[in-house]
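In what follows, chain A forms one complex with chain B and a second complex with chain C.
Now for the complex of A and B:
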């Protein structure tokens, strides 16, 4: 589903001493099927922005369009439930939303609310468990007996079981160990490609953005600061430093390499191994 | 709805009212609450209303904001008003409302009681709006200090109060966060039959309790790690001191109360 923000502003607690402008006149377009990273510091409006994506909040000004659904301040949203079944949000620390007696019941909670049939839910659970890396024996256990990382996976499975068309991820790897981080991000990327999802990743990890996204939007204090292809946006050191962000290590390395040897290696999401081979080729070629 | 809850919320500022000693504020509110029940004439209600409104004005918190924050209370005020309107049968019949005779006494009674209610809530919420929770508990601890003599755990009580006050906004935020997460999973908190809506509270309450217990445990651990061991021999960062402005406030308040007794009918 295409997502369009048109001149969207959002003000918290309007008309009170606490009034606070979280989003200021933001416009952008996300094409169906793309992987978009939204980057920004704490308080840049990332979390507010993502709550617009399934109608948890309505823009104070402007309009948000998601597929055929329109959100604006003066209109009541029709079929909000339908919209929410199509846009799945994995919130920050999603394990805080677990509540059922067993893992199985918790994963089934979302699809049940959206009226998916029992047999269908069962087959979805069987399909999702291996994808999120949970063994089948865990279905009967209480989610509160699991480790933090496992709880996270259960919560993610609960969102995926709804089979959304748009997947919104709010720092899905925060607080996980490095290996868990990689596993979960790879899992999302895999799903993104296999099921043709539109994925919106809200993060402050530049590494994740450059690795997975094909479009990057940088927010700063509620404004859109930069937008474009990750390899372009994320190599602009000056502009990034201005908002206290850093160029991702991979691109930093490529820039340093270019400076040192005068040879440019384009960034095309190559793995470290592949990059090493490329460098070897280039340097050997230069020698002979 | 949560956005407009102001009960227990502190609005930072540096107005005259903000600077009054919290003990003074609590004392004055205590007596104000008592004396509101003595008002029985236009003049006596007038002087109390004027006092409350002027105090509100001095705090520089917009009245509109306070009124909006009292939304849940408005319902109660309107309910009491209507009840008095219908039930009281004093004075002359004013008009007929759907077969109910509305008496002039009912109108007067209704207005008086609602105004009393409004004044009570407005004035008491001024305390929390202009005083940080820590100041309030410090004041209460100080005022209850004599009870220490009979082995009443004053410090522990004050600590419990300040912790619960401190965690109201945190729990509210948590509630909002979880309710958003569950709404995204298709829970409908706002519409549908009552039975369904009550059932919808479970996915909200369970995570809320889990996180509250976790938080309590972490807090206890952090306090112990920093060597907390109760009130005995503990010194205070902020010492409460009665200043000249407090004396002025007491004098002014006494004048208002004298005015009240002069204006009320006997």
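Now for the complex of A and C:
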């Protein structure tokens, strides 16, 4: 589904002494089927922006369009339930979306709510569990008696069970172990491609942004600061440093290498293996 | 010899009487003025260890000593004054109605004099970049802001034992580095024992020692440099090694004889420079 933000501002506790503008006149367009990363320093407005995508909040000013659904301050959102069956959000803290007595009930809650048949729900659960790295025995447990990373996996499973068209992920790998981080991101990417999803990912991992996204939006203090191709936007160290961010680690290294050796290796999303070979050539070549 | 601050003696723990053992026969020691990182796959027992350290849980087998005193029902009130902890989800620990009340709470409990409290609130909130939010209700903060405030609250107390359970998971890498530098300064100045539980491999590198957990068992305990030489084994138990270690490995494969396991960019570049000038 296409997503458009047009002059969107969002103010928390409007008309009170505590009013706080979290989004300030933001516009952008996300084409259906793309994978977009949203990046920004602490408190820049990322989670607030995501909450517009399934109508958890309405813009204070401006308009948000998701497919055929329109959200604006003066209109009541029509078909909100239908919108929520199409847009699945994995929240920043998994505890915020777990509430049932057992893991199984928790994962089944979404699809049940949207009228999916019991047998279909069961088959979805069987399919999703291994994809999020949870053993079957976990189904009977309480979601609150799990480790942080296990809760995260249950929360993700619950969103996938609805089979949304738009996948909205707010730092979905925070709390996962290194293998889990990679497996779960690969799994999202696979779903994204196979099912033609539109994916919006908030992440602090510049590496993941360059690896998976085809478009990136940088937020700064509620404003859109930059937007474009990940490898271009995320290699602009000067611009990123200005808003308290940094380039991916490989680019940091390439810059340090250039400073030390006076030799430039361009960043082209190469593998570490490729980089090692490039360095070897340069260092050997410089000698003869 | 450094003073022993934490000791786990053959500790085993399970959450339910007939349930599976979550920690099995774990023994280790942590010293004064030491930074130890605990890493391990999801569910390996890291947070459980943290909760045993401040008496939120008690082991069924074995003993735990903090600063020479055994952790049990009688000693927990004393021990909790010495052990400060930031939980994996900061929502679980906010008590104040405003950010500054929250930072004040731990100090009030420990009987800090008023002038000290006022100064510590200022300093610690400045240090984590949250001073502008001192009047805000904690539940109205962003995910990363909550983590920053939770860290300010323990920094203000500077307890003898400081445990951070994935306390910077919601920060960007730059913010994470800044906060960890701040924490590390307090640790050194006050000679605290700092225990960081983390999945961030770059953060692990900064610790003096690493305890690696695997399925409730201590799998290894060594310096980061030693740990990160075991790339394949670490990957088998759900972990990984930092970018520099991977690059160093690939350089060796490509025929460049890196000798020591580098831990950061500077070390690797230095090593390359030495090799290069000899080529």
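In the analysis below, the second predicted complex is superposed on the first by the 247 of 288 C-alpha atoms of A that agree within 3 Å, B and C clash if a C-alpha of one lies under 4 Å from a C-alpha of the other, contacts with A are read in each partner's own complex, and residues count from 1 in each chain.
In this text, contacts are C-beta pairs under 8 Å (C-beta built on N, C-alpha and C of every residue); 3 or more make two chains touch, one makes a residue touch a chain.
Since this is a predicted model, take the numbers as computed values, not measurements.
By the touch criterion defined above, A:144 reaches chain B but does not reach chain C. When the two structures are aligned on the shared chain, A:263 is found in touch with neither chain B nor chain C. In the overlay built on the shared chain, the residue A:12 is in contact with chain B and with chain C. Once the two structures are superposed, chain B and chain C can be ranked by residues of chain A touched, with C on top.
Of the two partner chains, chain C is the only one that A:275 touches; chain B does not reach it.
Comparing which residues of chain A touch chain B with which touch chain C, the overlap comprises 12-13, 18.
By the touch rule above, chain A contacts chain C in their complex via residues 12-13, 18, 20, 39, 41-43, 46-47, 92-93, 95, 133, 145-150, 152-153, 170-171, 174-182, 204-206, 244-246, 249-250, 252-253, 256-257, 260-261, 272-273, 275-277, 279-280, 283-284, 286-287. Partner chain A is touched in their complex by these residues of chain C: 15, 40-43, 47, 88-89, 91, 129, 136, 140-145, 148, 166, 169-175, 199, 201-202, 235, 238-240, 243-244, 246-247, 250-251, 253-256, 265-266, 269, 272-273, 275-276, 279. Contact residues of chain A toward chain B in the complex are 12-13, 15-18, 51, 54, 56, 81, 84-85, 87-89, 91, 94, 96-99, 109-110, 112-114, 144, 158-159, 162.
Of all residues in chain B, those touching chain A in their complex are 3-4, 11, 61-62, 64-65, 68, 177-178, 180-188, 202-203, 206-207, 210-211.
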